[in-house]
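Each of the next two complexes has subunit A plus one other chain: subunit B in the first, subunit C in the second.
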Partner chain A sequence: MAKKRGIPGLFSLLTYKKPKEEESFYIPETEEEKRQARKIRGVEHKVRGIIKPTPVSMIKKVKTKEQSKGKNKETAREDQSGEKYQVVNKDDGNILAEEISRDIDENMELVKKAFNAEKNKDIIIREFTVGGRLRAFISYIDGMADRITINDFIIKPLMIKKEFQEEDCSLDRILREVLETNQATKISETGEMIYEILVGNTCLFVEGCDYCVSSETKGYERRAVSTPQTEGVVRGSQEAFTENMRTNVTLVRRIVKNKDLSTEFLKIGARNQNQCAVMYIDGLINPAIVEEIKRRIKGLKTDFIAGSGMLEQFIEENTWSIVPTILSTERPDRTASHLIEGKAAIIADGTPFALIVPVSIATMLHTPEDTTLRWQYGTLLRIIRIFALFIATFIPGLYVALTNFHREMIPTDLLIAIAKARENVPFPTIIEVLLMEVSFELIREAGIRIPGIIGNTIGIIGALILGQAAVQANLVSPVLIIIVAITGLGNFAVPDFSVAFAARISRLAFIILGAFLGFYGISLGIVVGAVMLACTKSFGVPMLTYFAPKVSNSNDLVIRRPIWMQEFRPENVNPLDVTRQSKVSRKWVEEAPAPAEDSDEEEQEGKRESKTEGEETGGKEIKGREKKGSGKSGEGIEDEEDEEDDDDQE
Partner chain B sequence: MTTIRNREGAFGTYEAICITSTLMITKIFYTSISVIIDIEGTSGWIGTIVSCLTTLVMFSLIYMLMKRFPNKDITQIFEAVLGRFSGKVLSLVFSAYLLFYAASSLREFVEMIKAYNLPYSPPSLLVFAFIAVCAIVAYYGLEGIARISGIFFIPVIVALFVILLLASPNYNINYMKPYLGYGLKETVVTGLLRCSAYDEVVILAFMINSMHGLKTFKRAGYSSIIITGITFSSNLLCNVLAFTYTGGRENLSGLFELSRAIYFNRFVQRLESIFLFAWVISSLVSVAIAFYLSINIYTKAFRIPGHRPLIFPFSFLLFMVALIPKNMSEVVQLNIHFIRQYSCFFIYLVPVMILFIAVIFRKRGDIVHGKKN
Partner chain C sequence: MVKRISLLIIVCLFIGSVSTACYDAVEVDDEVYALVLGLDKGITNKIRVTIQYPTYKNSGGGSGGGQDKKAGGGGMEGSNEAAGTNIHTIEAPSILEALDMYGMAVSRRVSLMHMKNLILSEDLVKEGIQPFLAPLARFRQARRVVNIAVVKGPAQDYIQNNTSNIGESLSKAMELMSVQADNTSFFPRVTFYNFYTALLSTYEQGFTAYSGINDFKQLPEGEQKTESPLNLDNGYEPGRIPRSGVAKREFAGTAVFKGDKMVGTLNSEETRYFLMITGKFKRGIIDIQDEELPEYVIPMDFRLSRKPVIKGYFKKGRPVVSVSLELEADIGSIQSRIDYEDRNKIEKLNDDAEKYIQERVTQVIGKVQNQYKSDIFGFGQQFAGYFSNIGEWEKFNWNSHFQEAGVNVKANVNIRRTGLMWKSSRVTDK
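This part shows the complex of A and B:
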């Protein structure tokens, strides 16, 4: 803008002028693009190289329009550089549409194009001649495949083989006679071929064949099986899952050596092409559960699922529930025990956890140790855990409610003790509690984030110093330190990580309710929590089954009965076979005890003697004597009858 | 006649017993005890047994009506017997009564909690919080209500009897005398009238389609009446034993006073906390049941497919009706007096009248499996 001079210039000083906008953050390219894009309204994203997702319905609409008008609409959408815009994702669509041809050069071009070989140096294409006659190439991703397998068992046999004869397609013969890999499959679809290469397999293309052979060569770095990090036990297995799905499946299969244990693989995540395994015991699990799991996983349309954590969020029923509806475990033995109960396990590649469905809230409070320990100890542990959950959820809220609203309910001595401790504290109880809760959460979070030994120490040091200093500074009362500490301990005693989180969130809600409405508020919270939990389902199974709705107990809910009394599987998952073991699982209690070593010889002699007699009497006497000794005369008679029948048959 | 698809969920005998018993037993926490002791004196516990027996007879008549019209709930029976218009009107009257019942119970509860525990909290906040929770429970429908009733019924009953047990050192057996209170006639007549205190059992007739048939209806009805009868009778007896009939009639909440009277040593004393949780939770559940059923009957009358859109307007109505009485004495002397003493004329007599009309005009339900029911 030109400067005004003279009188108008003076006037301009007096009159209001709109201040110039400051160019704080300016990207000239974007502006340029925007300007260009304005000329071609509606396709701005194309100018910036962004492929805008187009709904299927829209593509159809465009297609039908094109068909009806008989001209290509896209030709009208040309920018200044003359580039043609396409509605569909041209790269993916075109490549997947292309087929593996008989021409080796075309196939090589297809692989190069599919993996963007010019820029992407991970893809390896090795060209060679089979038996000195046929042109061929292998393709794999560097780092994902095992080089030794490729060198020794694919390339070497193929190049050594000399007596090759002309056939329609020699790959059949190669597959049959030459390749020395344990798994090799024919692939004719481009999409499948791409996926095989992506997962670490090697695809072999030979001239004259319109398909390729994928050989099992997966060989990437993986972590070894180690001890559980979050679900440690004193007695019991010390193995945990790893990030590798195959290893995890094997770990489970090693425990459940059952021919009916089935593993189905499903793809998850459109862009990262991850895999997950759905494991279940066929003939035991309710088929509706498996169908539902597969339906949900197959119905996922998302680009990236890194592992079980993300998968869990995608397939859970109620995303608003603070209580998890899927059990996550890092232990193969726990997974196996759930499979045996008629549940399903979902193992995703990339995370060392298996997801168990369907579950109830009682399952979340169980640990593998309950089963490995004797029933009295297991029951005690469970009761402690339930108490821990109660403390972790309610104690701070109850403390706030008691001190604010219901002081008359506190026994006088205790009331005096609390009042004395709070005498010099300037804050109201709610502020005091929130202050300590926040500090505790900070210490906890910092302890997890700080690596190694320092992380552990900061927890203890932080808690000690902060607590002590806060009491000395009269910021909080010592009673509250005890309350927060015991709450923290309670929270750590909850075996499931997600349930512990739910307890933390609920605790905050109960503190607020207790602060505003006392016990009345806490009761309101309990009812709301109960109704929400009662109506939450895990793959169709109510989370509070056994309590509401009532179903028969499996003797392994809260009080663990002796292991021989657990005759039935949990009924809430409706397994096809409810019986876990026969009514008398310990047959030995009904049998005669084994004879002692001293009497063994006598017994042997007795047997020898009676054998001669038995030959005459048909062995009745011996059986009768044995049964008399065991005191089961009734069964002895049955056996005698059986014996008689046998003799008759003879 | 087109039938509305049952989307309310299903529940079994246990849940049905819990729902009905919770609704009936909750009044033991309120002014019921003092009112009965006031009317009947020391024989209140016998009077309530008379009420219980009367209710069993009345329930049998309702059962006969339901048996006559299988696969139909009582609103559908009203329409089948009286015609569409009259049936709907009767259903709406029941809906209004349940709303009135919920509102009166809510107000009684709020007045009492203000008197005993939260004297400084504004009543509107207490009412609002209560209604909000009832609305949430009603949102989850009958299945949710059945489940929370199933969860809380046992703890509430246990808490109740724990209070009675712990207060036992205060009992004096001589306070039972005179055994027949103000006389046999007074006891029996009041007992017959006070069968209204058990008339909540009729809600089973509204929920019959969610239960597994008439057998569950019958079992749940009789069981819940007997459970409630035992609970009422034992509570009345314990109150008389602890406070005498002169003291018992003065207490606003007999059970609360009983829990206050607990004293074992300096540490174990005044266990109102047990009482408070049981009281609040059972009140919440019972008001939520009545509130939900009010909406449910309304939706059935007008054939509205879902109950959820009506929760907010009905919550507003509940709030309004709850605030109509001016004070505690008005709530007790008008609303509660009507509900617990005279509502039987409406609750029991209407189904019985319907049964007579059905018998006289030979009206029956549909034929099921080729057999007349």
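This part shows the complex of A and C:
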């Protein structure tokens, strides 16, 4: 694709080509179906619209082949960048010994050289003697380590301890008996030792030992957990992630108290050696997803990844897609709810956001508020949000199309009003719209960049100058101000920042389409957009799942059913356990109400029970799922559920 | 291969959109939207076309009604301003050419997209309107939901007086004026579509609303007598309503067509009974004389409770139509304060009302049959089924048989509500 230049190159972007490598996943549930299908037809078949899955192990093989094929291309680049890393690494290896030696002077030299201690004053090397006779030193980075811990629990016990006997290496004993830190590990590799010091731990070297002990002393300045900045809710948790990954992981773990919640740490960024955590619930998430996430993150060869934003761009599937394929959230509770749905969270150190994969387009329009509110309210909010997305994307385009091509569709009075308003405006509608759109975007951008102290100015500029004065100066018509204002409101109501961006960009496209081709153009745009969206995948899961590859409804997609009806997890991520709760999640509806003092109560109940049983045998038969006729009111609800399920399957 | 085809499609789309895009694009204010199209007989040419469109001035509208300056005759008459609108009249061989001819004087393109009313002068329609309807039926801009009305006198004069007296918006005034048909049933609401299909139909004839200008001289002057006479069954024709006010134009009654020619009119009262038969009667207050005290009336709010059941059959070769009306009525007031709400008396009132309606409906049918010989009721539809094919039906020629049809009318009235009172009691000391 990239080889072609010029116009043919452009067209090749638009034309459909069968992808050379199919990014697909091993889905255990479909293996059997696949095998049978192959037996029957001997051809590839589609399982519920999902492209035939191939095992991850096979993908790896394909990958390696691919790499060897594309090597010619890549080697050229590696000469410049890839090789460089190797040189650096080699230099390290040349200068620094790979292993820690027994000689303490040599070790001190090693640390000094590694951290360039002559110039770099951050590295602290503190020499002392253990037990009055063994030479030792500790090394840490000033500011990254907690001084009190080092003073009280490392240096003090070491220096007080007097009776040391001669041993081959006394560090073992120190580790066992002297050090009072909670985490301490033996390290013998130089690289590992350097990393430990870099992240804020303290390394202890003792004469005669060919390893050092790294103690947990991380203690740098960090922001406290505060309220969410972009995803505020009225009801629900008010905690947000911070920049510190450890804190973030803890915040999530505090919500998901599950022993299967696993956190894997992966290094990202060769030069800044950042860390990211991949969190998932083992035994619930489809292993293919974890496999794929780790494969992608491990496969990154870059020198600097500051946080989730950069990481997202590195690991996302489709760089050219307007719609984001990774959900980014700053809320631990939202992260937790996704983990429990069988998705994975990636938390990178440095930004207060977690990345959720894989997601579908419906998820992007959810907020945590939907779940904390009662289902009617939550559904209303979702419908409003979908409407907002529609407005944010289409309204200016529709306005241009209507006024330029389809004037007969506008009510007469409105049309006359628009004409009156436009009478003194010297520009065509399209210029008007673009002018206002640009000024609105300017206000937005300026509003973010403006220093807080003079922040009020932006309101005056926005409201007075662009709103009122522009109309009075006959630059734009007042109707247009309303259009742009509504569009802006719609855009702000879209919960996901990235989706809002996508709406902003496509809005521009729709304005141009509307101006050129009217409704016809807008419908073309919708078709193209829908096709593009249908082709987009998030970690192998089509973005339109549930709609395009039809899967069963989790009852929490667009219309939120009552919470007890949400028996299944979203099927699009193929979790190992799809059931969220049993058919009857509210056992109390099956039970008799708490017995009252009245003696008549029992008789009445008996009567009612026999009545419901009679109805049951006469009417519909309940699938032998639960014990029959055990409850009175419970039966009714079960029936309802049955019907619901049938609906879904249709 | 697929790639090439898709490439070709994209190229075609691209070229197509680039070369044709914006071709049809017109800014809103580059056109004027004629709200009324009036047709008169021409003097020097076939037809005289009048349009009225709202101006885009900010002060457009204003109070008081337009100052009408009538310009002299000639090819093109000067444009007048009436309450925020401009009026242009032009003589041309055809409507569509007239629209283009406006372009010589009006600085923007005249569009019929938002036409509300089509006004035909009585002189024109009495000679036949076939040549003038055809272009409107075919022309893309003209909507078929346009309300159509025949006006007494020249359409040009009518349009000069077509102003919005309540609000600034003329289009709203005109839309709501036609909605008044539903509120009073004094005139029908006929769209171009209804009218046009009726003209083409073999079993019904066209009709339109009838309107005119009131010069406010109809309100009788003179001494008020000690006793005002009770005068029921007043049918009005446009221009004859005894009233004064601001709006000179008024709608009253129906213009009856036979073929493409207007043959007569129904007055406002007759229109109500006519609309009852066609099922378009929405509601209307009809005064019924109090049988016990004849100097008093009982205004009742009538509405059709069901679609009228019309059946047609041949009896000894003669077509017979039976019309069965189901009406409901609410008592508006009982001036005599006789206790008609009483269970026994309300039956009596029902019967009176039934008799009253039945009588007048029969009269209207009789008038149309004898005077106009035009089946505006659409009775023919009931008889078309008796013919095995359209050829036979057309040979039968319903229109010539309509006048000899026997019509049986049966009205059933049920009084439902008695208003805020459930028992009338006499005013004491009277």
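The rule is simple: the second predicted complex is superposed on the first by the 490 of 650 C-alpha atoms of A that agree within 3 Å, B and C clash if a C-alpha of one lies under 4 Å from a C-alpha of the other, contacts with A are read in each partner's own complex, and residues count from 1 in each chain.
Throughout what follows, a contact is a pair of C-beta atoms (placed from the backbone, for glycine too) under 8 Å apart; a residue touches a chain by one contact, two chains touch by 3 or more.
Predicted, not measured: the structure shown is a model, and the values here were computed from it.
Trainee: Once the structures are superposed on A, label A:A306 by its partner contacts, choosing first (subunit B), second (subunit C), both or neither.
Mentor: After superposition on chain A, A:A306 lies in contact with neither partner.
Trainee: Taking the superposition as given, does A:T403 touch the first partner, subunit B, the second, subunit C, both, or neither?
Mentor: In the superposed model, A:T403 contacts subunit C only, not subunit B.
Trainee: Which of the two partners, first being subunit B and second being subunit C, lies in contact with A:L544: first, second, both, or neither?
Mentor: A:L544 sits against subunit B, while subunit C stays out of touch.
Trainee: Of the partners subunit B and subunit C, which touch A:A117 in the superposed model: first, second, both, neither?
Mentor: Touch partners of A:A117: none, neither subunit B nor subunit C.
Trainee: Using the touch definition from the top, say if A:T429 reaches subunit B (first), subunit C (second), both or neither.
Mentor: second
Trainee: Quick check for you: in the superposed arrangement, does A:A530 touch first (subunit B), second (subunit C), both or neither?
Mentor: first
Trainee: Looking at A:T412, would you say it contacts subunit B, subunit C, both, or neither? Reply first, second, both or neither.
Mentor: both
Trainee: So, does A:L517 touch the first partner subunit B, the second partner subunit C, both, or neither?
Mentor: A:L517 contacts both subunit B and subunit C.
Trainee: Using the superposition described at the top, list the residues of subunit A that contact subunit B and also contact subunit C.
Mentor: In the superposed arrangement, which is not itself an observed complex, subunit A uses residues 405, 408, 412-413, 517-518, 521 for both subunit B and subunit C.
Trainee: What residues of subunit C sit close enough to touch subunit A in their complex?
Mentor: Contacts found on subunit C: 2-3, 6-7, 10, 17, 21-22, 24-29, 31, 33, 35, 54, 56-58, 60, 111, 113-114, 116, 141, 143, 169, 171-172, 175.
Trainee: Could you list, by residue number, the parts of subunit B that touch subunit A in their complex?
Mentor: It is residues 11-12, 14-15, 113, 117-118, 121, 125-126, 129-130, 133, 136-137, 140, 143-148, 150-152, 266-270, 272-273, 276-277, 280-281, 284-285 of subunit B that touch subunit A.
Trainee: Inside the complex, what are the residues of subunit A that reach subunit B?
Mentor: Where subunit A meets subunit B, its residues are 405-406, 408-409, 411-414, 517-524, 526-528, 530-532, 534-535, 542, 544, 547-550.
Trainee: Which stretch or stretches of subunit A touch subunit C in the complex?
Mentor: For this pair, the touching residues of subunit A are 11-12, 14-17, 403-405, 407-408, 410, 412-413, 415-416, 418-420, 422-423, 428-429, 515-518, 521.
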